[in-house]
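Shown next, in structure tokens, is the structure this report addresses.
Going by the order they are written in, the chains are A, B, C, D and E; count residues from 1 in each one.
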Amino acid sequence: MQPHSNSVPSAIREEDERRHWDYHYDPVGMTPGTLVIDEDASPTELTLIDYNSENAFRKTLRSPEEAANYLDTESISWIDLQGLGNEDVLNRLGSVFHLHPLVLEDVVNVPQRPKIEYYNDQLLIITRMVMLTSKHNEDTEEAPKFASEQLSFVLGKNYLLTVQEELNQDCLDPVRQRIRQNQGLIRGAGTDYLAYALLDVVIDAYFPVLEEYGEYIESLEDEVIFTPSRQTVQKIYRIRRELMSLRRSIWPQRNNLSRLVRDGSELIRPEVRVYLQDCYDHVVQVLDILETYRELTANLMDVYLSSVSNKMNEVMKILTMVSAIFIPLTFIAGVYGMNFDYDASPWNMPELEYYWGYPLCWAMMIAIALSLTYYFWRKGWFESTVTKVPKT
Amino acid sequence: MQPHSNSVPSAIREEDERRHWDYHYDPVGMTPGTLVIDEDASPTELTLIDYNSENAFRKTLRSPEEAANYLDTESISWIDLQGLGNEDVLNRLGSVFHLHPLVLEDVVNVPQRPKIEYYNDQLLIITRMVMLTSKHNEDTEEAPKFASEQLSFVLGKNYLLTVQEELNQDCLDPVRQRIRQNQGLIRGAGTDYLAYALLDVVIDAYFPVLEEYGEYIESLEDEVIFTPSRQTVQKIYRIRRELMSLRRSIWPQRNNLSRLVRDGSELIRPEVRVYLQDCYDHVVQVLDILETYRELTANLMDVYLSSVSNKMNEVMKILTMVSAIFIPLTFIAGVYGMNFDYDASPWNMPELEYYWGYPLCWAMMIAIALSLTYYFWRKGWFESTVTKVPKT
Amino acid sequence: MQPHSNSVPSAIREEDERRHWDYHYDPVGMTPGTLVIDEDASPTELTLIDYNSENAFRKTLRSPEEAANYLDTESISWIDLQGLGNEDVLNRLGSVFHLHPLVLEDVVNVPQRPKIEYYNDQLLIITRMVMLTSKHNEDTEEAPKFASEQLSFVLGKNYLLTVQEELNQDCLDPVRQRIRQNQGLIRGAGTDYLAYALLDVVIDAYFPVLEEYGEYIESLEDEVIFTPSRQTVQKIYRIRRELMSLRRSIWPQRNNLSRLVRDGSELIRPEVRVYLQDCYDHVVQVLDILETYRELTANLMDVYLSSVSNKMNEVMKILTMVSAIFIPLTFIAGVYGMNFDYDASPWNMPELEYYWGYPLCWAMMIAIALSLTYYFWRKGWFESTVTKVPKT
Amino acid sequence: MQPHSNSVPSAIREEDERRHWDYHYDPVGMTPGTLVIDEDASPTELTLIDYNSENAFRKTLRSPEEAANYLDTESISWIDLQGLGNEDVLNRLGSVFHLHPLVLEDVVNVPQRPKIEYYNDQLLIITRMVMLTSKHNEDTEEAPKFASEQLSFVLGKNYLLTVQEELNQDCLDPVRQRIRQNQGLIRGAGTDYLAYALLDVVIDAYFPVLEEYGEYIESLEDEVIFTPSRQTVQKIYRIRRELMSLRRSIWPQRNNLSRLVRDGSELIRPEVRVYLQDCYDHVVQVLDILETYRELTANLMDVYLSSVSNKMNEVMKILTMVSAIFIPLTFIAGVYGMNFDYDASPWNMPELEYYWGYPLCWAMMIAIALSLTYYFWRKGWFESTVTKVPKT
Amino acid sequence: MQPHSNSVPSAIREEDERRHWDYHYDPVGMTPGTLVIDEDASPTELTLIDYNSENAFRKTLRSPEEAANYLDTESISWIDLQGLGNEDVLNRLGSVFHLHPLVLEDVVNVPQRPKIEYYNDQLLIITRMVMLTSKHNEDTEEAPKFASEQLSFVLGKNYLLTVQEELNQDCLDPVRQRIRQNQGLIRGAGTDYLAYALLDVVIDAYFPVLEEYGEYIESLEDEVIFTPSRQTVQKIYRIRRELMSLRRSIWPQRNNLSRLVRDGSELIRPEVRVYLQDCYDHVVQVLDILETYRELTANLMDVYLSSVSNKMNEVMKILTMVSAIFIPLTFIAGVYGMNFDYDASPWNMPELEYYWGYPLCWAMMIAIALSLTYYFWRKGWFESTVTKVPKT
């Protein structure tokens, strides 16, 4: 039953390097419940935060078995596992928490599609958290970047187990601080409220990422209309791909939260459902914004195409103006460069012998050039070629 | 627990300057229920309108606590709070009205997605009102502009609390006037009818905005077909973005009204549901029109692309006509400019010695020019280049 | 409570002049139930048709009160009001028929979105009827035109009140004739059957309009492929806009009929529901056809864009052929127009002194021209430029 | 009550000549139940096939009344009416079978949208059968053609009435043969199984038509990529129109079959529902394929547009190469064709007097031509212009 | 009842050669239940795997009747039939397993749309398995290829019958191995778990195929932006067609699994439903990825069109630069090639007699050339023509 890792994606990567297929898949025919450990996975670390309305302490656990002592106490126990590199620890964790083999598999074989599932007296919630790693750079016009990581919850009666792909990188510190400093209701509420607080933090972390993308899209607008280039279309393509990726990770969370609010599980008390409803509203807002961005970038692509056509139009206008003005003149010059023999006939190019011949020829050429220039000016061909970027 | 405002959008702005992400979001990990006060927010003002079928009076309140006296009376009390700049007042308001922390948060941390929510004996309705700030200018061809502002309702048994983002800017005066002048049913009806009357006013205010956009789209049509320019595509892009923004604020209100009509809450009596149904019909009409405009502007973009192609086509035609006519002529002139030595052979350019050589040469060139001109005229190439704007 | 008309659309207009926003909207804050009378509205006329299986008579009523005598009789009373210009009559009509203020408003403040609504013992049905006003003109290639008008039904136990926007313009004559001549079942059936008969006539009137549009779209096909011009794209844009407008007026009627068939209202007996089902089938057919036309015109736009590209391609081909053939020839002529001094060196343009120099030069030029022509002929560039319209 | 036929479509036509509006519509205001007889309709013929598990016979009936004798017998009676030209026969048929006036109308006033309807103890099924009339011609590249015809079923307890638009043209012979030769279960089963068998034959007849279109679309692919022309876009447009027409006739049949399988009508026994489920699966397959074709042809249109652009690109390349190479050369030739007087100054065109002047001039021109040619070759401009059709 | 095969598709083919219509269809009017045997079908082979928690053995059966002995035993019997070439065997199999004629038909007349169907005490599941046959070749840029094959399950109480189109080609070996080596739960679980295990293997086999397509799409991106050619559009078209084909085979499996999880069939026990839910999640992931690829390739097509326009733009720029620079120069050369007779008038081309005439002329020409070059450089026309592929 040896698990072999075939191109299992390494845990936290920037979305940019992430491939599209993106979900973990088992090697064909793998026994259900097999854990696939990535070689590059972070080492595993277990932390316990145990609190009730009076006390709260934090402790690093050396083994999963150590956690067992805290599960049945009255106080709330939040066990946070970070890093998926140690199969042995993971398996022992599974037996300490009595996890169904499929739960353990979903939690370990990342990435999974966000979902919720009920297993007897446990509730499995799989979410995906995003973290902004680099802002949109206004000077180099580089796109914002974000990292994403799976965060799984196993919610029991008196405990909450969370599993993160990666060590020391999450957006949960505000919740830890609220527990330590006894801010708000959290210390007096149950595991369900803790799960809500964490979910809320995870969802809220999408907003700064979206804000960066919003600004980036806005900064792309002028580029698309006034200085479209090959890089522009690449940028639009990339941004669309990343919005798709964001949407794919947030979309299932909408259904999950909706189910959490409506389904009658005794693990989540009615007074917490009100808060989850609020969290649900935030997910809907995220999707709203994503949908708007999708449309905006689709429109940008249209605008890009029209901009390229416009640029070609201007190139054509220059060519046409130059050609239309000089080709007739060159023809006239050509005519008077002909060698018809005046001696053979008085009809043969008598102009060449006129006293005002050459000046008249120039006059004619200048007149033609001016009238054509006026014609093009009237058609408005000069305008669009001049103004390039209206506002900088 | 000091709230720090990270780019919280200032209350009333023109849609033009508004960024796309648009919704308020909490700083990641903020304790639920925290109020985020924008530094630029308007100062807070409280107004009470208290009425029954016989009397009605209006009073500016100095403190939220003053409102408490009116809440339990038999008469209808409408407390209107404008401006979100004073956290202390807002918090005290919360305790006077026994608002759930999440209600207060939704009402204060603007903008929120429109929604309705039931809290024990209160009904929270969040809507968004729009106000036309500048009409479509036919001469400068500038787009219409509108401002938008969150309006929240907290509907209780004998009172209605409304909260507006901004001071002295709303579209509710007609309702105030109907109360003062005892027009229609409003003085004899309950708080639910008052809430309906206000909702109705909010929805109806979308129509003049839409009408302006309709006229603007119509005025864009001719521009797109006959004088397309880079500004045109920008205008279409902007109008699409603003329609999206309008749609995003009206779309959730459709569901809200539908729920108000159908859900059985004792706060809204059956006879008022009939009126809410009417209000719902208006929202559907607004969405109908918005959907039509979306399609129209999408079509406009197509038309724009075809217009640019058409313009390029005409540029090409001019180039081709000039080239096709003069290049052969220049060739002929070039031929008779060759220096083959007639003295060396009688076959060397004897034409140059002909008596009618030069006139014949011209005759040939004119014949070629005329026949090509006729050819292009037959192909209809002259027509489209002439007519520019059929109707002005 | 004086109603002021702000750009209330005049009653019957051709769809062409109709603006897009199209629905009536109340001035912001108007008291619900206020009637908005358009200055240009037709004068109001009331007609009664009263019948049972034995007798039938038609009578022009001078006042709404006159109708009251017929409402409670056993015979079927169809009161038809045409023209919305007289507010007094409308208000008195409202009290005679005990109309809910919102019903009166929906019936008078046209146009409304088609809908059905139940009010105690009355059923309000709002539909929109279309009338072909000018056929598609095959010679001038003008689009068909249609007028549209709101028709409202108030169905009571023994009476049917219909309200039309406009005087003397409807498509209901066939029903009047069937009553007068006692054709079919109508004289023996109830008000519900009468309502059905009128609805059926209204729906069936969409078909001739659609047929005209179908023929018009077909006639556009050849134009799009073979003689695309700026007018073409305008025509497609207009036709799409009008199809949208038709769809918007028929789409809600589908839901209405579906509700009429399914909802259990005692005003409509089961045996009439069978007929309404038939009517529903017709609405679905209309929508089917409209959907097909939408797709066809969307495709036409694609075809148009490709046609414009094709035309540009042909222009380019002509330019390229002329240039590619004559530019090399002109170069050769240019070479032998150079003035290198043969006397200075025997290498300086000895060709000019050859006995066969000039003829050889021509031979070379002709050979080049022919081979290039052959090359372009092989590439098939001549074909597409010749055939213009394959079938006329 | 004389029915007047206004452009009622003649019964069987090739889809090519068929107009888009396609459905029968009543003249506005026609009394419901009126039969509209097309002048060109086929004469009417009635055939009876009566069978039980032991015997089966076929008989041509001279009048509808003759059928009455067979309706109440225990054996299964299949009455097949072909041709809708005889109103008298149709009316008498209606009374023999006790058809509801709306049933008779739907059956006679073709074409109707496929549907099913329950009338007391009868079940009306309206379907549309298609017949391939000409295959896709690989040489002339002509599209496949198909005819279509309405087939209506009236299913009663012991009889099945089928009505066809046209005489002697159907795809039902296999069923007739199975009855005659007692193949399969048909002779031992009831009218519901007979109806299923006929429906199955009708659905299965769509597959060969689709197969032809599939092959045609495949043959269009190469044309689109390698030899796009105006005819191509017309072909794609036509094929899309015909796929739409097919989809419109099969789509409602999906719902019909789904209802037949699920609705509890005692006319169809459970054991036959299993077979109808199979038939339903086939309809879904047909729709699956149609949907795929729709997407394929939409993609084809995109590919076509890109092909046209590619072709234009190649034309441009030829023009640019010829121009870029010869225009500089012509300039050089022009320079040495100038007449500056060497006698007036030693600086005036001394090159003309050089011993190697002319050869050097040629050398320069050849060098320029070669280097430009190399430049274009390096840019890869020669490749795409060469290969035209990679595989034939 | 002789079945005749009209273009019945041969069993396993690469998707590339597969036609689009793809589903098996009966010859019109074929008796339901008729088996259509393809001439090229593989010979038929029957294998039995019988196991319980203690023992497991594998046996090749010589006849279907041999299987009968194992069906009623307590142990789990998996009968696997490969190859559909032997009608006699198939018919006998049908009677041994008491298959409904329609089941046998669905299993034999491949390909069918994936579906599930309940028949008394049997459950029919039709799926489609895919196998990667050739990977995406990075050098030749060839697309990945996959084969697909129908796999049908007939699930009974103690047995599972699987039917494969083809001999010796499946992805089920891992399950066989797990049975032989007693890995995981499989030996202790029932037929429902066996069916799940096989379904899981079938679904998981889609992932490697998708991964190949993902990499291929990624490799196409650069090609589309930097080296677009006619082959590129063909590749995109093909990939879209194949994604459609994959989607068509996986989409119905989503509904099937959803029904298996929810429908209450006693053949599948609750504890196995948990596993099927997991399998369902995988199908949803596959569809997620496919949807993403669809959008990505649609975007690629847009990008392609813009790339072609960009390329044309560059061609135009070269043409325009060459023309704009040399045409004026040629004109000047033409002027001084005119033959106006200086002897006839001192105004006739005195420049030709200037001492510095020719050098001045050159100076002027160089000045013009340089200033135009500078103009184009300022407009940025040189840049885009230089950089071709930014990263390799």
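By our rule, contacts are C-beta pairs under 8 Å (C-beta built on N, C-alpha and C of every residue); 3 or more make two chains touch, one makes a residue touch a chain.
The chain list, named the UniProt way, goes like this: A, B, C, D, E = Magnesium transport protein CorA.
Keep in mind the model is a prediction, meaning the values are calculated, not measured.
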item	value
Subunit D onto subunit E, rotation angle from CA fit, given as a multiple of 5 degrees	70
Interface residue identity across copies subunit A, subunit B - same or different by half	different
Chain centre separation in whole Å, for subunit D relative to subunit C (CA means)	26
Inter-chain centre distance, subunit C versus subunit E - centres from mean C-alpha coordinates, in Å	42
Per-residue multi-chain contacts in subunit B, two or more chains	305, 309, 312, 316, 319, 323, 327, 330, 334, 337-339, 349
Graph class of chain-chain contacts, one of line, ring, star, complete, other	ring
Order around the closed ring of chains, commencing at subunit A, then subunit B	A, B, C, D, E
Residues on subunit C engaged by subunit B in the complex (per definition of touch)	1, 7, 19-23, 25-33, 100, 102, 105-106, 112-113, 115, 117, 119, 229-230, 233-234, 237, 240-241, 244-245, 248, 301, 304-305, 308-309, 311-312, 315-316, 318-319, 322-323, 326-327, 329-330, 333-334, 336-339, 349, 351-359, 361
Of all residues in subunit D, those that touch subunit E in their complex	171-175, 177-178, 183-186, 197, 200-201, 204-205, 207-208, 210-211, 214-215, 217-218, 221, 225-226, 274-275, 277-278, 281-282, 284-285, 288-289, 292-293, 295-296, 299-300, 302-303, 305-307, 309-310, 312-313, 316-317, 319-320, 323-324, 327-328, 330-331, 334-335, 337-341, 344-345, 347-349, 384
